[in-house]
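Some structures are shown below for you to check.
Heads up, the next two complexes both have subunit A, just with different partners, subunit B and then subunit C.
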Partner chain A sequence: MATVTETIQEVHNDFALTLEMAKDEGKKVVGCLCSYSPTELILAAGAIPVGLCGSTQEPITKAEEILSPDQCPKVKATYGRAIAGTCPIFPLADCVIAETTCDGRKKMYELLEREVPMCVMDLPQKPDTSAALDHWIEEVRKAKTYLEQQLGVTITDDNLREAIAKGNRRRKLITNLYYCRIHNPGPINGLEFINTMTKLQYYIDIDNHLETLEQFYSSLQEQIDKKVHAHSANQPRILWTGLGNSLGCSKVLELVEECGGVVVCQEGCGGVTRSEDQIILMEDEDPIVSIAKRYLRVTCACMTPNNQRFDDLTRLCDEFKIDGVIDLAWQFCQPFEIESYRVKELVKDTLDLPFLHIVTDYSQSDTEQLRIRVEGFMEQIATRKRHDRRN
Partner chain B sequence: MTQKKKHYFVGIDAGSRTTKAVLLDDEGNLVSAIRPTGINVGATAEEVFGDVLGQVDATPRDVKYLVGTGYGRVSLEFADTTVTELSCHALGANFINPEIRMVIDIGGQDSKVIQLDENGSMVDFIMNDKCAAGTGKFLEMVARKLETDLENLSDIHFESEQPCAINSMCVVFVETEIISLLARGESAANIVSGVNWAFANRIGNMARRLGIKEQYVLTGGVAKNRGLKDALNQYLGVPFAPLGIDPQINGALGAAVLALRSS
Partner chain C sequence: MATVTETIQEVHNDFALTLEMAKDEGKKVVGCLCSYSPTELILAAGAIPVGLCGSTQEPITKAEEILSPDQCPKVKATYGRAIAGTCPIFPLADCVIAETTCDGRKKMYELLEREVPMCVMDLPQKPDTSAALDHWIEEVRKAKTYLEQQLGVTITDDNLREAIAKGNRRRKLITNLYYCRIHNPGPINGLEFINTMTKLQYYIDIDNHLETLEQFYSSLQEQIDKKVHAHSANQPRILWTGLGNSLGCSKVLELVEECGGVVVCQEGCGGVTRSEDQIILMEDEDPIVSIAKRYLRVTCACMTPNNQRFDDLTRLCDEFKIDGVIDLAWQFCQPFEIESYRVKELVKDTLDLPFLHIVTDYSQSDTEQLRIRVEGFMEQIATRKRHDRRN
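On to the complex of A and B.
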C-alpha cells in the first residue's frame, strides 16, 4: 500500500481530466453535496455522480467575499469551490442535486444556484414520522423528473432497479473495507484509509469502480492473511465520529496518528454508517419508495431526534474494540455541536470510554493547540489501559 | 537544600507567556524559576534550567532525568521525555496534596480543567476553544486598556460597588465593550470586577461541563488574580484547596514529579 503522498488537489486534477474525456464522449455529470443525495437516480440516468462538497481551506477566502466568516468551513468551502475558479471538477457538473440539511447549507444553496443548475430537495427533519417519508418520496420523485428533464433522458423502473443493485454492491464493498480495520493490529492506518477512500469516491464508470473497490479489499485481505500490520496492537484504537473524515480537512485525524493513536473506525459524515445501510428492494415496491426510505435513514445531526446514531456508536465501539472516541464538529456547525453533548453522555457515562470533543475549522492555525488536546487524550487513554491491566 | 551530593529531577514547562522550571531532589525539596518565554523557547528553557541548577549549585550532570512540558515542549531538545501539561498539572497537584481531584489551570493562551485520580493520573480534561477568551492574555489586554497592570487589576476588583455586566469574552470585542463602558463613566473597579465575573462564569461553566470534583485547586499565572479567584469561588460555591506553591509552577512541578517517577 502506498503512503499518503498525493494531495487532494492532485486527486481533483487527475479526476477532472478523465471526467472531461467522459464528457467529450457525451456523458453527463451530476454533482452531489451530501450523503442524502440519492446517487441511484443519477446512475439510473446514465450519468456520473460526483461529490462536490468542499473539504479544503483554499476556496474559503473567496467564499468570504460573499458569505460571512461566521459560517461553517464546509459551507464556505463548498460555495468557494464553485466561485473561486480553482476547482477543476465543479465546472464539469451539468447540474447538482442538493438537500435542505442544515441552515447554512440550504441558505448557501440559494446563492450556489446562480452558478449551476440545481435541484434542492426538501429533506424532512423528523424522519421517524410517516408524513416525513411520504414527503420525501415525493421529493425523490421530483428529483428523478428533474434529472430526466435536465439530462434529456428517461429513467425507467428497470434502470432504477439496476442502479440500486449496483449502489448496494458499492455500499457492501465499502462496508467490507471499513470492517477490515476490525482486526487488531490492522492492515491500514486511518489516514491512509481515508486517503484511498477519498480517491476512490471519484469514478467515471460504476462497474470499473466496483472492481477497484474489490481490488482494494483483496489487497487489505491479503495483508490481514499475511499478518502485514500498519500499526501495533497496543496503539490506542480511536473511533472517529462527527465530521472531518475526508482528505483535505483531515488535520486532526493526522494529529491523532502522529500522537500514536490509530483511527480504526469512522462514524458520521463519510463514515461506515453511511455505507452499511442498504436499499431494501422489494419486488412489489416502487423503487423510488425503496430509495427514499434508505436515504431518509442517514444519521446526520440535522435530523431530530437522531437516535440511530447513538445505537450505531454503541455497537461500533464494541465491534471495533475502541479505546477512545473523538467527536469533531466544524466551527459554527450547530447540529453536530449541540448533538455532541449527547454523544459525550453516551461515550463517557454509558460506555465508560475516554471522550474528546474538538471544534475547529479547515485552517492550520490551531494545530499546536489541538496537538496538546490530542496528545493529552492519548495520555488519558494510556493511563486507562494501564489501570485496566492492573485490575 | 543541603550541600551533600544529590540526584536531581527537573521539570520545565515552556508556556506561551512564561517558561517555568522546577528542580526536585530525592527528598522532595523543590526550587523553581520563571522567565518570560520570549521568542526563543529553547534558549529560555536553557536559561530557567540554569537558574534552578544555580540555586542548588549543581550542573546538568547531576540531573538524573528531565521532563519537558507546555506549549513549547517540542523545542526542549535536552529533555529526556516530553508530556503534555495536562498530565503534568495532575501530577503536580497530586504531589502537593493527594486528595486533589481537579485542577483548573488558567494559562497565558489557554485554560483547562483536569480531573485526576489518587495516583496523580489525568483521567479527563476539557480545554477552551482556540482563542484568548478565558486566558491570561485576555486579562493582559483588559489591564492595558485600563492603563494599569495585572497586580493592580487584582486589587481594584474588591473596590467595585456594582460590577458591570460584561458580555464579550473575546479580546477584540471586550476592548470595544470597555471603551463603551468608560465612555458611559463607569469606574475602572466596576469594569474590572465585571470582567472577572464574566471570566469566572466562563471558566466555571467549563468546569461544570466536565463535572466538579472536590478537592480542587486553581493554577496558572491567572490564579494570582485574587479578584478572579474570589469570583470563581463564589460562582462555583466551593473554595479552592490551598496550593502552597506559586500557582504558576504547578505544571513544571508535575514534570519534575514525572522525572522523579521515571528515573
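On to the complex of A and C.
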C-alpha cells in the first residue's frame, strides 16, 4: 500500500490538473488553511474550496530561509508550499480565507499575503461568550463580502442555505464513515482509511464528492455486513488525538499499525467531532449567524479553555472501546503541547487508560526512536489486557 | 553596579515585605501579566497592581516538569514562579488579570488558574476593526465586574476617572524619563536606567510612586543641565526593540554596553511607545470605553499585522539618532520571531541601519557566543561611522 505521503503527492498532482481544467471553464478557487474556514461561504459563491495546508517535509527548507526554525512543521510547510513553487495547487487559488488561530499561522499569514490575496478573519480565543460570537459573526460577514468582491459574485441567503445543506450532508457522510470503525473487528485499518480520506478530501464538484463519499460508505457497510474484517478483535484499539489527524501524521500512524495496533478513532480538527458538529439552520435565522455559530464551536487547542475536547474524548473512548490514547503534537506547537498536560490527566487519571504523548515533525529522522516508544506502548496495552482477562 | 538580575531579586524581596504590611492593613493585591492589563481598573478598585511576569532563570526547571521545554522563558518563568514557591510576591496576589495574548501565555493560564483566582480577558488579534473594539470593551467591562466581586468593592465612574488621571500622569512621567536619553551625550547609560526603572516599577501607593518618578526625572534633568554625562557622544547609539525591554534582558544589555555601545531607546511593551500612548478621556464617554481603546492600541507581535510598531520604529530611529537596532526575541517566541523578518526589512532596507537579531533565553549559557556577535555589530557600526565621516 502507498504511504500517506505518497498518496498526498499523487493526489496533489492529479487534482491540480482537474482544477486547472475547471479554472479554464471559468470556475474560481478559494484556498482554506484551517477547520475554522467556513467553506459554506465558498460553496455559496460558486467557487471550489481547496485545503492548502502543507503536510510534507519537502517545502520546509525553503520556508526556513524566512521563518525561524522553531515554528511548527505545518506553518513552515504551508508557507514553503507557497514560496517554493513546488506545489501545483497553490498558484491556482484566486484567494485564501484564513483565521488568527495560533501564533505561528497568524504571523506567517502576514508574509503569505504577499503571495496571494487573503482575508484573515479575527478568531476569538474564548468562544463561549456572547461578545465573542458577535465579533465572529462580523468576521464571517466580512469574509462573505470579501469573497463577493474578490470573485465578482453576489452571495444570496438562498445560496448560503443550499451550501449549508450540502455542507451538512458532507459532514453527515464523513461521520458515518468514521463510525464504521466502531465495529470490532472492523472493515478497515487506520492507514487505509486515512489514505482514502486524503484522496477524497479534494473535490471540484460538491455533488460528485458527496456521491463518492456515499460509495465509500456503501463499500464499508457491505464489508461490515459480510463480516469482511481488516483487523482482528484482539488488536489494541487506539484513539488518536491532537494534531495531524488526516495528513502528515503518516509516520506515526504506520508505526502504530506495524506494531500491531489499529487506529479506530480520531479526535481533533480532522476527526469525527468536527464532522459530527452540524450547522443548525433555523428558519428565521440569518444563515451567516448559523454558519458563525458552528465554526466557533470547532475544538482546537488555540482556544481557551477548550473544554469540549475533554468531553468529546471521554465519550469517544467509551463509544469506540478504546484500549489506549495517542496524543500527537507537532514540534513547537505550543497550544497542543500545553493542553497535552490536561489530556494526560484525563486519560491516565480519570479514564484510567494507557497514554502516549508524541512530539514529532514531518521528517523521518525520529522514526526508529518512535518505533521503540510505540512498541512499548503496545506491550503496555497487551499486558493490561492479559491482566484484565485474568481478573 | 548590580546586575539587573540581582536588582530583580533584591526588589522582589524588599517589595514582598512592604506588600505584606499593606495587606495586613487591609489592602488588596491584583497581579498583572502583560501590558494589555488595564491597571486603571485595579487602581479604581483601590487595590495594588503588581506585575507577576517571571524574568529570571531559576523557576524554569520547576515549570518544565509540567510545561514542554519549547515554551518561551517568560511563560515558563511566570508559571514556575507560581508553582515553585520561590517567589515571595506571587502568594500575596488576591487575584490576577490576564489576557489571551500569545499561545504560550493563553494556554499556560489554564494551569495557572489552579494556583490563583484569575480573570482571563479575550484579546482580539486584529485590533483595527470596530467589531474587535466592541468585543474588547465587553471584556474590560467583565474584568471590572470580576474585580468588584473578587475584592468586594464597587468601582464608580469617578473612581475610574481618577485612576485614569493617575495612570496618564504616570505614563507622562515615564515618557519624560525615556526622553532624557535623547540627549547625546546623555545623562545615564542603558543598564543603569533599566536597573532604576526595574526598582521603581513596584509600588504600593500610586501617589508616592508618582513622586519618586518625578524625583528621578529631576535628577536626570539636573545632570542634563549641568552637562554631567554618563557616556560620550561617539558611542554607538542603540535602539532596542522586541522583547525584554525592562526585565530579563540584562545579559544582552550588559554586553552591548561592555562592548562600547549605549542603549538609548527601547521600543516594545516595556518601552517608550507604551508610555507615550495615553488614555484619551472624553467628557461624555464611558471611562470603560476610553480605557479599552487605549489598551487595544498596545503594540505587540501577538497582534496582526501590528503595523504601528513599524511606524514607531521609523520615528524613534530618527528622533533618537540611532546608529544600530538590536531586535531581541525570547527563544520559542513565535510571534516576535516571525515579525522580526519585517523588522529586518524595515531597518536594513528602508532605514539603512545596521541590524542585529538576537534569540536568547534567561540562562547564561550563550553569553560568550553573544559577546562575539555584539562585538561584531559594534565594529560594523564603528566602520560605518568612520566611513560616513570621511564622505
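Here is the rule we use: the second predicted complex is superposed on the first by the 382 of 391 C-alpha atoms of A that agree within 3 Å, B and C clash if a C-alpha of one lies under 4 Å from a C-alpha of the other, contacts with A are read in each partner's own complex, and residues count from 1 in each chain.
To be clear about the criterion, a residue touches a chain if its C-beta (ideal position, glycine included) is under 8 Å from a C-beta of that chain, and two chains touch if they have at least 3 such contacts.
Since the structure is predicted, the reported quantities are computational estimates derived from the model, not experimental observations.
Of the two partner chains, subunit B is the only one that A:E375 touches; subunit C does not reach it.
In the superposed model, A:K251 makes contact with neither subunit B nor subunit C. By the document's definition of touching, both partners, subunit B and subunit C, reach A:V359.
When the two structures are aligned on the shared chain, A:H231 is found in touch with neither subunit B nor subunit C. By the touch criterion defined above, A:R309 lies against neither subunit B nor subunit C after alignment on the C-alpha atoms of chain A. Counting the residues of subunit A that each partner touches, subunit B and subunit C differ, and the larger count belongs to C. Residue contacts after overlaying the shared chain place A:D122 against subunit C, while subunit B stays out of touching range. Contact with subunit B, but none with subunit C, is seen for A:T383 once the two complexes are overlaid on the shared chain. When the two complexes are laid over each other on chain A, subunit A has residues 359 in contact with both subunit B and subunit C.
Put simply, subunit C touches subunit A in their complex at residues 66-68, 70-71, 100, 102-104, 106-111, 120, 122-126, 129, 131-132, 134-135, 138-139, 301-302, 304-305, 331-332, 334-335, 337-342, 359. Subunit B makes touch with subunit A in their complex at residues 71, 83-87, 109-110, 121-125, 127, 129-130.
Within the complex formed with subunit B, the subunit A residues making contact are 348, 354, 359-360, 365-366, 368-370, 372-373, 375-376, 379-380, 383-384, 387.
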